[in-house]
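What follows are several structures.
Two complexes are shown next, each including chain A; its partner changes from chain B in the first to chain C in the second.
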Partner chain A sequence: MNDEELANNPFLVLELTAEATRAEVERAGQKLLAQLAIGVSSVKSYQTPFGARPRDESKVRMALSALRDPEQRVLHELWLSDLEGDPQVLLGWPSAFASIGWRGPCTG
Partner chain B sequence: MERPLYLGIDLGTTNSAACIFDGEQLQSVRTATGETLTPSVVRIDARGNVSVGARAFRFLQKDSDNTRGEFKRLMGSKNRYRFPAANLERSPEELAAEVLVSLQKDVEAQLGMRPRRAVVAVPALFELPQIKATSEAARLAGFERIETIQEPVASALASGWAADESPGAWLVYDLGGGTFDVSLLETQDGLLRIAGHDGDNFLGGRDFDLAVVDWLIARIAESCGVSIMRSEPSHASAIAKLKVAAEEAKIELSRAANETIIVMEALRVGEHEIDLIEQPLTRAELEKISEPLIDRSVRVCERLMRSQGVRQLDRIVLVGGPTMMPALRRRLEQAFGAPFGSGLDPMLLVAQGAALFAATAGLDARAATQSAPPATGPRLWLQYPAMTPDTSPFVVGRALDPTDGVKAVRFSRDDSEWQGEWLTLDGEQSFAGMMALKRRASSTFGVEVKLVDDRVVTANPAKVTLVHGVSIGEPPLARTIGVARADDGVAVYFERGSPLPIRKTFTHRTVENVSPTADYALRVPIVQGDFPFAHLCRLVGVIEIAAASLKSPLPAGSIIELTLEVDRGGALSAKAFLPAQDLVFERVEQLLAPATSPEKMLALVAELEQRAAGLRGKAFREGARRAVSTLADFEATIATVRTDLDAARGGDQDAAEKARRALIECDGVLADVEAANAWPELSARVYEEHTHASHWVAHYGNEQEKRALSHCMDLVERALRSRSTGEIERQLRAMTRIRLAAYFRDPASWSRSLDFAASDIQRATDPVKAQALVHQGRKAELAGNRAELERVVRQLWQLYPVDQEERGLSFNSGVR
Partner chain C sequence: MYGLIALLAVRAAVYAMGKRTGQTGGGGAPPSEYKPSVVRFTGLAVRAAFLVAAWALRRDIAIEWLTACIVCGLPGLVVELLLIPAGIPHLTYYFTRSMYPFAIFGEPKGRAIFNELRARLRRGWLLDPERIARFGRDLVVFNNFGNDRTVGAASLAARAQLDALSGDAEHARELFALVQAMDWRHGSRAARIYSQAWLLNDAARRGAFHEVVRLSTHGPHTARRWFMRASARRILGCQAAFQDSKLVGSWLFSPARRHTFGLLRRALGTEPRPVPSRVGTGMAAAKRLSFELMRLPKGAATRNEIAELARIWQAVFDSGELRQRLTERKQALAASFEPESVAARFERQIVAMLGELVIPTAPPRDPEPYPLLLLSAMDRIQGDWFSELEALCRGLPRGNANTTDDLEQHWRTWGRVRHLTGLLSDVLPERADWIFASVGVQVLNHGSWLYNRERAQTLAHDVFYFLLRITPESDVNRETIVKNCRLST
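Showing the complex of A and B:
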């Protein structure tokens, strides 16, 4: 698993934590797709521990479909928790949460 | 009409139906005589008048030459239908368009507006040309825009809409006129997910009728001494009459009766004229005739459940007319012990689901001009899900004209129960706000804007409507799709299960010199299947780069960028770009074979049977029970192919087309058995790959790679237990990726690759250049420049030729 694949982690793409419920996943994906459709520039990229990455509709759809499948989701949760737990990968990670505007389960 | 209306159409092999969804209610479209079903039958009389549906259906027996049904099966093929009385010819698409027009008129009579946009359901196993043909039929019928949805997805949506929100595993059992589809669904929180699907392209209600026809032919031979032959053109009208009688008897026995009497008068069989036939048929007899066909469908269901690891079903949803048969219902109950979804009409479910999908896709049936309100107020561009399982979805938008001076936007539900906050526009004139929807209903919101002078005015659009209901994740891709490489490898573009629509571009290189003057075309074969070798996959399309269209000679190793795309309806399109010559090729050669003669197909049948005999012997010797049962299915299919080919020789084009497709399917079934025979080889490959991967990952892998590998291994073990070859191949690919990631972390890896290439240098197409590159590589190696070394080795790889034998196996692919 290289950095690029980790940076494509669907939780990162959708800006969700591993605890997000299925409904929250749908809502976050739907909102991002709508924003991308009307061309909101702030959603055209997202933050990862490896720096900012571009985001487009197909990436959001892939992320949605990955998290809809329980089997795939488990795997992505695992990698996400690895990202959070591995100090080598996560230079300056603890503060990163706040700095990239991560929130908990999306409540609006 | 303020609220949007959504139209769904089930363009069936035997019957068609349409349904309207207004956000809350599903309403069936009725014909002038009050029926919900329109027979997919078209008649053209001597004066060229076209009649459709029930009116045409009555002539199916009386005027079979000028009355056509079951044309859906021939959509996308080159066949044309003759109407001798009017001396006209029509393509299957044109006939389908007539049915669509008839449905359109019924909608207009019922709702007072002519629908311009709709969702049309297509069988899950429809291939690219057939989906295109469906769109073409809709275009001919005057539709502005249509989307297609797979029939099982549509029935799943409709049954999800009708059900309470209990989670669980559902089986959608769809036995249509000509095809059998089965899907396994998982439901949770109003969101449906198709866990998997399977089917039999050649099992349908029609086969039940034909089984009865064969039985009738045998009885007639016994009682009247007249043998009716399907291969005899002059018997065609008698066969058609028997078919109708069989269908009627089947329906009658489904309803109530324990016995029915098939009565036919004045049956003309070539020179013979049979005055009267009165043949009793009991329900028990019918069940005996149907049993093998029902069992075949149950085996498909069991195969699907096994592959998904599902033991217990919570519900079975029945779709299609033939599922009315009591014997079939009994057999399913006994096999799966799950209740049938209640209150669902198996005949209308597909049309209902298509209408619901139109809502999900926001495809309002009215034309843009019909639905646009008079334009007043500041214009907003709004994006929102027309139908969603979420009661608190977002509406996102932006003000289109900055000079309108919009400061904020507010949404108010029209039942006055809910009003949102003022949503302030950001620097880009955009905003996002969460709505509150009524459960399982349609909610309309008034849209107001606050201007810079604090005036509050109605926006344009003034209202938006959102529906809370079921939704289905984007339909997943049914099979892995990729490009065959010249070395018999496959460049995988989309893995099975990827969400649709999807689009990817990869860079390839050509493997040979092509001169513009040559009479030649470079082939880019597109294949589907879960095998690592191109020749095991199924060819679904070819992009041909004709030498004549090149601007200058194209040397081997030229860059070619391929883009493959699959839309929501499953239609595949492809594009090849040659950057050096700035040329784009988009034509994907259609794969529907030109009409193959029945004789040729018969030869193919003999060949397939011989192959099957070999496999059967082996399966028996080794006690491979699964292979034996798969081969029994093969037997059944090949038997129907023989009957169809008989009918084809009697002039039945539909039977010829059905036989052609069945043969492709049979070939696939044998390939599966052959693949299963390669089982020991496959498990050896798993063992070998696991050993390699563990070695490299243990030495150079990071934590993620270690975990990913162990997860892969778990999945492989499960796939090994369920004997799912496709899944094993997928996981092997994943393991290889993980291994390579770790392998190339080893500082010595590129040096090894260089050594390997150098040892084989005499094979290079340009040995001088190769020698120079090896030299360059050695220098980089000494200097410890890994990036340069990697670059050199990659260049070197391009100089090795492709094995011609391998290339032959991979559909003569011209790229790698």
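Showing the complex of A and C:
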């Protein structure tokens, strides 16, 4: 279980709380799908404890499917966190290779 | 006169050390050659002879001859201080080829390509793929004697440079890691130091400072290594690394201070990381601490903090809080799942999360007994890595396997094996003994096959040299490994 998996929690994707009913889940999912279909920019990302993540139709459909299954839903409920804000990210050191005299193309 | 005496001394010493006879070839006379240690000694002695001659004749010969003697005596210094910084294409290559003949220095082509690439990289000149592709041909191959004595640290470092330039960073890292850990008898210090510097700077460039900390525990002892380690630990917020004088001191002794000043400033500007909160016990506290640790940069959480988290989760599982909550949710959702099976799935997810946290952390010097959940996470990591390592080692040729003559592939496979064993021993040092128990004999047999059948003697030595460091003193194979290591030196 890594931060990407936790950031893809269906409750976060659909912006729902753990107490959401089945009807609320369906409503939220269909609303997001409709908004994504017409290109509403404000729904193209969502907040997670690991920073903002992009949202697309496939992610919403997967979230809907996960929350329709009670066993999966309960597991995702357990992983919901109320922590907010961006996590600390360590930036790289851009001139690292220059210090060893490497001015060629940088590797990935 | 002094020069003549020095040359005679060299010749006498070489005779005293003797020739080593190789295996009998297919019908002809057995190929014979000097051991690498003799080649190395001869090279050093010839250089010394030039320097002695320069000193002895300093008043009797013209300045040009004196300079020539000094250049012949210290070619490495000329390359490092003059030719590589100048960055003029071709010059370094031909200078190295002429100054390091195979008969007395070994590894002439690889060394020349390694230095040439370093020179070109200084200014980024003539680095288009077509131009450098020819360097890769016949770089890591068997020589005319049918062995691999012309392939050492510099050839492998050159191969790694070419990999990196073509965008294959993963293979480049594995080869550079091999070079930096090579026995000094097969690896020039310049190549080993360069490989270490490349690995450290590559990790720092990607922001993977936990890798800088891990990598800086190996390889040659250099000022760069200490500075990079101190900086990385401080950037990660390690409490023990907050001593400005040590950090600045290590920077003052490190090379390329103009370039590394930015890293020093960044490290000095880093505040100590606040200790994650531990709000009581129970599931809410466990979850909060989990997210706090996962939100930290990779490697910033300590092993003790992760152990503490595992203890809190263990208490949650033991208390029955989770099962009670699952039962309540089952009723609320009118669902038919089994709370026990969901709890077991959740526990597996917690173990996976602890494993993700553990991998980038440095092991503590005096580890406390770990809680069961953390041990499960370590078992899982070990299982993943060991299954790949064992599969890889099962495929290593040994015994009567046919020769392949693909030296580069042998080195690459060995690089992968070393990468996995390195990860295992760095992340789980308390389980490092299991490496030998698991794959030691297969690797030993592979080394013997490389030496006897493939005649890849330098590679075989690297295999034995590695085994020597991981074999327990009491193991029955240790004597064989020591003998093989001596034989292949």
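Just so it is clear, the second predicted complex is superposed on the first by the 80 of 108 C-alpha atoms of A that agree within 3 Å, B and C clash if a C-alpha of one lies under 4 Å from a C-alpha of the other, contacts with A are read in each partner's own complex, and residues count from 1 in each chain.
Here, contacts are C-beta pairs under 8 Å (C-beta built on N, C-alpha and C of every residue); 3 or more make two chains touch, one makes a residue touch a chain.
These figures come from a predicted structure and were not determined experimentally.
K.L.:
So in the superposed three-chain picture, is A:27 touching just chain B, just chain C, both, or none of them (first/second/both/neither)?
P.N.:
First partner only.
K.L.:
Does the superposition put A:45 against chain B (first), chain C (second), both, or neither?
P.N.:
So A:45 meets neither chain B nor chain C here.
K.L.:
Which partner does A:62 reach: the first (chain B), the second (chain C), both, or neither?
P.N.:
After superposing on A, A:62 lies in contact with chain B but is clear of chain C.
K.L.:
Who does A:35 touch here: chain B (first), chain C (second), both, or neither?
P.N.:
The first partner, chain B, only.
K.L.:
If you lay the two complexes on top of each other, which residues of chain A touch chain B in one and chain C in the other?
P.N.:
Comparing the two interfaces on chain A, one with chain B and one with chain C, the shared residues are 1-2, 6, 75, 78-79, 108.
K.L.:
Sort out for me which residues of chain B touch chain A in the complex.
P.N.:
Counting only chain B, the residues touching chain A are 188-189, 191, 193, 381, 383-385, 388-390, 392-398, 428, 430, 432, 434, 471, 473-474, 476, 497-499, 502-503, 702-705, 707-708, 711, 738, 741.
K.L.:
Within the complex, which stretch of chain C touches chain A?
P.N.:
Going by the criterion above, the answer is residues 84-85, 118, 120-124, 127, 164-165, 167-169, 172, 194, 197-198, 201-202, 204-207, 209, 235-236, 255-256, 259-260, 262-263, 266, 283, 287-288, 291-292, 294-298, 300, 322, 325-326, 329-330, 333, 335-337, 341-342, 345-346, 349-350, 352-353, 356.
K.L.:
For the complex, give me every residue of chain A touching chain C.
P.N.:
1-3, 6, 49-50, 70-71, 73-75, 77-79, 81, 83, 87-108
K.L.:
Which chain A residues qualify as touching chain B in the complex?
P.N.:
Interface residues on the chain A side: 1-2, 6, 22-23, 26-27, 30-31, 33-35, 37-42, 58, 61-62, 64-65, 68-69, 75, 78-79, 82, 86, 108.
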